[in-house]
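In this document, chain identifiers A, B, C and D correspond to the written order of the chains, with residue numbering beginning at 1 in each.
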Amino acid sequence: MATVSQSISLKVLFFGRLKEIVGHAEESLASTDAATIEQLFALYAARHPELAKFRPSLVASRNQEFAAWDTPLHTGDEVAFLPPVSGG
Amino acid sequence: MATVSQSISLKVLFFGRLKEIVGHAEESLASTDAATIEQLFALYAARHPELAKFRPSLVASRNQEFAAWDTPLHTGDEVAFLPPVSGG
Amino acid sequence: MATPLHDDICQLVRDPINVAALVHHVRAPEDGAIFTFDGFVRNQSHSRATLYLDYEAYETMALAKMREIAAQLHEKYKIHRVAIAHRLGRLQIGETSVFIAVSAPHRAAAFDACRFAIDTLKRTVPIWKKEYFEDGAVWADGELPPAPAATPHAKPAS
Amino acid sequence: MATPLHDDICQLVRDPINVAALVHHVRAPEDGAIFTFDGFVRNQSHSRATLYLDYEAYETMALAKMREIAAQLHEKYKIHRVAIAHRLGRLQIGETSVFIAVSAPHRAAAFDACRFAIDTLKRTVPIWKKEYFEDGAVWADGELPPAPAATPHAKPAS
């Protein structure tokens, strides 16, 4: 069953070493190619190839809750890519 | 084998409810009938019958170390009878 | 996000953590026990002399996760109040980065809750530490928070 | 009695315990973690409203036992410093009766040591608490310290 791709607006956040690779902490994105968190990450990994190697050691969040990589995205969502946490 | 009983001088301490029964915290005692801590306690239980019922819920110390009831006593020893502790 | 049903404190701060105020907050006449955890900057890491640390957080999510921890403590343990504070920005050797205080009528609950709080914070709260040494800086090794493996009812991606 | 090999504090005091000074004492740049336990007077006991408490101790032995606990902590756990203080005399609701602080490079050791210290203190240190209520006073239920059952080489009593 074919899905009509619609452009969705997202807020995307990067922390720790990911922020250093991407060059900034936060951006707004409108895309037709980010139906899931995994697809969104792939967009950034295409732009910043160094990101790809961190994929196994990241978790993602959607609207400030940890989220599976196959989580569908909707316009207005806030998505973050989170390296291993080291607070405390 | 008969032992010649010698008088020994002891310092004897009472704490908590024992102090209230005996009427004071500390006394010096010279006795020929206190070869062990158990015997020393028996002397006080004879004087203060109410003490006897606390015997199962006491521990004793000799020179500030917990000691078995059959511990032999020597002149100069400091013996204390200790109710269940409730510090903290 | 957990609703604050209890009179707890969860905070991210950029100035020194006011440890005395946090203990004072959790301390009440119906309690008898408080455990606290004070995590502060060590002068070395893996045998390299530390100069200072920078902490950053995903602030809104970090606060939400700290409040979730406080709520979990009340569900799991018979405690009275919780205070959790984490500092962000640059910290010098000896400065407190995280402080947790838990009060309870009896010590066992306060003790278990305090440990659960710091262990869970270190595993799940999105905060990151960069360690600065004479010869460079590194992001500290951390723990990967547990995240759902797959969305329960995810539609297959087209 | 344990010799104080380490820079620990063990004290019995009649004035309010100086909690800040004890924490300051154990806190050093090579550490990263401090757990503290603050035990204070609850406003009730077994649902009776408490007025105040009196603590008494076999002082010389209590101090020796507190120093033994500190020495044991160093044997059992990778900790840095220990401070243990117990107050004696009359204490009002909310006043600290016992305070323990343990520092360590890593939190697990400090945590286990702090718990061992308070659990062992409550079981083995000769201190007694009398609780005063509107309608009377009672010696608190306590724990019987473990004592040797028999002297290893005791001569039979004559």
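Simple rule for what comes next: a residue touches a chain if its C-beta (ideal position, glycine included) is under 8 Å from a C-beta of that chain, and two chains touch if they have at least 3 such contacts.
Note that this is a predicted model, so its numbers are computed, not measured.
**Q** Which neighbours do chain A and chain D have in common?
**A** Chains in contact with chain A as well as chain D: C.
**Q** Counting in whole Å, what is the centre-to-centre distance of chain A and chain B, each centre being its mean C-alpha position?
**A** Between these chains, centre-to-centre, one finds 75 Å.
**Q** Centre to centre, by mean C-alpha position, how many angstrom separate chain B and chain C?
**A** Taking the mean C-alpha position of each chain, the two centres sit 52 Å apart.
**Q** Centroid of chain A to centroid of chain C, CA atoms only: how many Å?
**A** The separation of the two C-alpha centroids amounts to 25 Å.
**Q** Taking the mean of the CA coordinates per chain, how far is chain C from chain D in Å?
**A** It comes to 27 Å between the two C-alpha centres.
**Q** Give me the residue numbers in chain D that touch at least two other chains, ranges are fine.
**A** Touching at least two other chains: 39, 118.
**Q** Using the touch rule from the top of the page, what residues of chain B touch 2 or more other chains?
**A** Not one residue of chain B touches more than one other chain, so the list is empty.
**Q** Could you list each pair of chains that touch one another?
**A** Listed by label, chains in contact pair as A-C, B-D, C-D.
**Q** Any idea which chain C residues touch chain A in the complex?
**A** 1, 39, 55-58, 60-62, 64, 86, 97-98, 118, 121-130, 139-151, 154-155, 157-158
**Q** Chain D touches which residues of chain B in the complex?
**A** Listed in rising order, the residues are 1-3, 5, 13, 15-17, 35-36, 38-39, 57-61, 64, 66-72, 80, 82-88.
**Q** Write out the stretch or stretches of chain D touching chain C in their complex.
**A** Counting only chain D, the residues touching chain C are 20, 23, 27, 29-44, 93-94, 105, 107, 111, 114-115, 118.
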